[in-house]
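Next, two complexes with chain A in common: one pairs it with chain B, the other with chain C.
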Partner chain A sequence: MNTIKVKGVTKIYDSKTTAVDDASLTIEPNKIYGLLGRNGAGKTTLLNLMTDKIFPTEGEITIAGLNVNENDKMLASMFYMMQTDAYPLSMKVKELFKWTKKFYVHFDMDYASALAKKFQLDITKKIHELSTGYRSIFKDILALASNAEIVLFDEPVLGLDTNHRDMFYRELIKNYSQKPKTIIVSTHIIDEVADVIEEVIIINKGKIIREQSVENFLSSAYVIAGREDKVDKYLENREFIIEETIGALKIATVMESEKNKNEKLAKELNIELSNVELQKLFITITR
Partner chain B sequence: MRNSFKIAIDILYLNRAWTLIGYFFLVISPMVALVYLDMGVSNAYRDAVFVVEGGKEYFAEVLSIWFLLLFTFFSFGTNIDFMRVFNVTRKKFFASYMISLGILSLLIALTQKIINTVFASPNFVYSMYEFIYGDYFFVTSVVWLFSLLVLASSLFCLYTSIFSGVKDPIVRLFMVVPPFLPLVLIFSGDFSSVILFIMQVRTFSENRLAGNPYLMVSLFLISATICLFASHSFVKKLSIDIWQH
Partner chain C sequence: MLLKFKDDKPVYIQLAESIEDDILREIFQEDTKIISTTEISVKLKINPATALKGITILVDEGIAYKKRGVGMFVSKGAKNKIMTKRKNSFYESFIQPILGEAEKLEISKEEIIEMIKGGKDSEHN
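Up next is the complex of A and B:
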């Protein structure tokens, strides 16, 4: 199985901008990963490094133990849905389906056509005639139908309306359940991807700050809400991040495992305890 | 995995529209026009082009080389963009690119020599064997032109590879100028300057190499190989951040 290992990778642009800083992580096969980070956090750089589009300044990336650099076999097992438009703009969508089939022998033409119909993508149109949303849909379809062992999506829902975003994530889960594969979804629209991903990788200012299952990540914090003085009392000797204070009401995220929450004390202080949402926790730790 | 030869055909196919236009205007038309001029039609440019023996060939070769330069330069970025979306390695891309340039060089050499032969009416040839294999006839001249074009292609590949790695806009501007000098000279009417370089190469090969075309072809191919290795080392370092930053 093709495990991707990123070992101490650093990428510095022009000897001054550190896009990725000593990143180490392991991508297990047949899981869906969410690569989350703020704008400019280093998500795209990390994906470009994984697919050998750019070279690390330090460290190495391996797939199944082999360095990814100039590794034809390994690179052929990956499909990278890039955020940038590198396809010839004057080419028609249906032509690019055929071109993809030439490079990815397992590319499913029928599935691609069915998806195009489902998303109402006109395959007779040229790439430059497509809107931003439909360009994303076109690239998403290529990635979904590629049947590659490893599929990387960089901002797959860029420019998509709510309906299309929902359709895409449903299709992604359906595709994964029928043909399990390693999927990495890089996005900063977190609330929608929260139900799709199994593992979360959070990158902030080039550093990997979290790499764990969504379940474990969410259980590493919880939210409390109540009167300001009561909340302050609860928070004594606890690591916390204050989110907001509205009048006398105070809401805070407590950075400790859910197992450690003191329900008895909360009840005495009339404080409400609740689970933290992925997006809120993300915002909290990347502030 | 798609092999290098298939990708080479893909590269030619992807650039087919303007390649065919360039091929017609810079490879076929000049050769036909110059051979036609050679047949006795008066033209203002005639004296300039045929100021020396074999001038029309030199001129057609210069245009073919310039066509190859345009092909190498303009197809490089679009090809690498297209190939990188399908995760093709740099090594394979480079090999495919050179195969496509080799195919194009062979086509140009064949086209020009066929046109030349058809119009030339070689009355002084004694046999078909001599016509095809003789020292200064069809096969020899095709091989000569092919090797010259391969050398030119590899030099352009080296030039384009270096150009792709340069980020400084001023250095880039300076690098763009030299390839366009022949064009300026052509439009300024100074044909003799344009063909001078090719003439010198020919004279060198004929005099220094004792008129042995095969020795000269070998020399060209060795030079081409050196250029290819040099450009490969640049291509290996190609990174998409060149286009993104």
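Up next is the complex of A and C:
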């Protein structure tokens, strides 16, 4: 199977900027991954490395056991939806559909046309005539219709309005349900993708800080709120991050498994316990 | 089926519970088809693995069953099964929170009983 392995990969630009720092990852086939990170965290660099657009300074990346730079066959079954426009801007959308078919033999022309209609993308327009949102939609359609075994999206909803974002994620799920494939969605708009992804990869300042299922990630912490002195008492000998202090009220995220929460003690101290959301926990650990 | 998830429980559990609610209300009737996991995931915008996990809970509890190549169906006796299960957890899910809140407000058990009785009476008025 087409497992992607990133082994101790570092990317240093101009021998001074470390964009990716000793990253190791395993991307299992046929799952939807969310690659989450703040702006400049190294998301795009990591995707560029996985797709052999750039070379690692150190480490290696393999797909199905073969190094990406000697694995032309595998690269052809990967589709990378990039943020940058890698297409001739003076070409028309419909011409680019045909052009893509040449490189990706399994590209589904009918599906691409149907999607264009659905998103009201005018296929007679030239790329440079499209708005930012429609450029993203155009590239999303190419990726969805590519029928590649591995599809990587770099900020697929950039510039899309709420309706189109909603449509995109539904289409992505439908596409995946009908033909399971490996999907990596890199985004910094986390709320909308939280229920769509199965696995989460969090990159912060070039380092992979989390790589686990969404479910495990969400149960790896919980939130407490109560009177300051009592919250402090609960936090004794626990790993935590203070979220907020509002007057005498203190809110903290406790960095331990939900299973270890002490409900009895919380009750005695009049402390409220609650679960974390993906976006909130993300913000907490990447501050 | 609910269209918005809360954060207090994992999504797959909320999904299973909401389908149970729909069975209780006979929106999904016994021996009829429940919408497929694909439809569920697309409609609710959730990962298909999550949807499957929710459905699996129902299958494991004998509330739903799979017909190969056709889809998911509501089991015979599913409604009764859900009612029995929910009755067993009624104290924990509904009475305990009431008692907890009442304690904070210093409302006695007798007062609560009076309220329940009153509530019943007012329904007839």
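Basically, the second predicted complex is superposed on the first by the 286 of 287 C-alpha atoms of A that agree within 3 Å, B and C clash if a C-alpha of one lies under 4 Å from a C-alpha of the other, contacts with A are read in each partner's own complex, and residues count from 1 in each chain.
In the analysis below, a contact is a pair of C-beta atoms (placed from the backbone, for glycine too) under 8 Å apart; a residue touches a chain by one contact, two chains touch by 3 or more.
Quick caveat: nothing in here was measured; it's all calculated off a predicted structure.
When both complexes are superposed on chain A, chain B and chain C fit side by side without a clash. Contacts of A:N48 after superposition on the shared chain: chain B is touched, whereas chain C is not. The vertex angle at chain A, taken between the C-alpha centres of chain B and chain C once both structures are aligned on chain A, is 150 degrees to the nearest 10. Once the two complexes are laid over each other on the shared chain, residue contacts for A:I246 go to neither chain B nor chain C. Contacts of A:Y80 after superposition on the shared chain: chain B is touched, whereas chain C is not. Judged by the touch definition given at the top, the superposed model places A:F103 against chain B, while chain C stays out of reach.
A simple residue count on chain A separates chain B from chain C, and the partner touching more is B.
Once chain A of one complex is fitted onto chain A of the other, the partner contacts of A:D14 are limited to chain B, with no touch recorded for chain C. By the touch criterion defined above, A:E198 lies against chain C but remains apart from chain B after alignment on the C-alpha atoms of chain A.
Touch criterion met: A:D72 reaches chain B, while chain C stays clear of it.
Of all C-alpha pairs spanning chain B and chain C in the superposed arrangement, the closest lie 28 Å apart. The touching residues of chain A, when paired with chain B in their complex, are 13-14, 48, 51-55, 70-73, 75-76, 78-80, 82, 84, 86-88, 99-100, 102-104.
For chain C in complex with chain A, the residues that touch the partner chain are 5, 7-11, 37-38, 41-42, 44-50. Contact residues of chain B toward chain A in the complex are 1-2, 6, 10, 14, 78, 81-82, 84-92, 236-237, 239-241, 244-245.
Within the complex, the chain A residues that touch chain C are 31-32, 166, 169-170, 173-174, 176-178, 195-198, 214-215, 218, 274-277.
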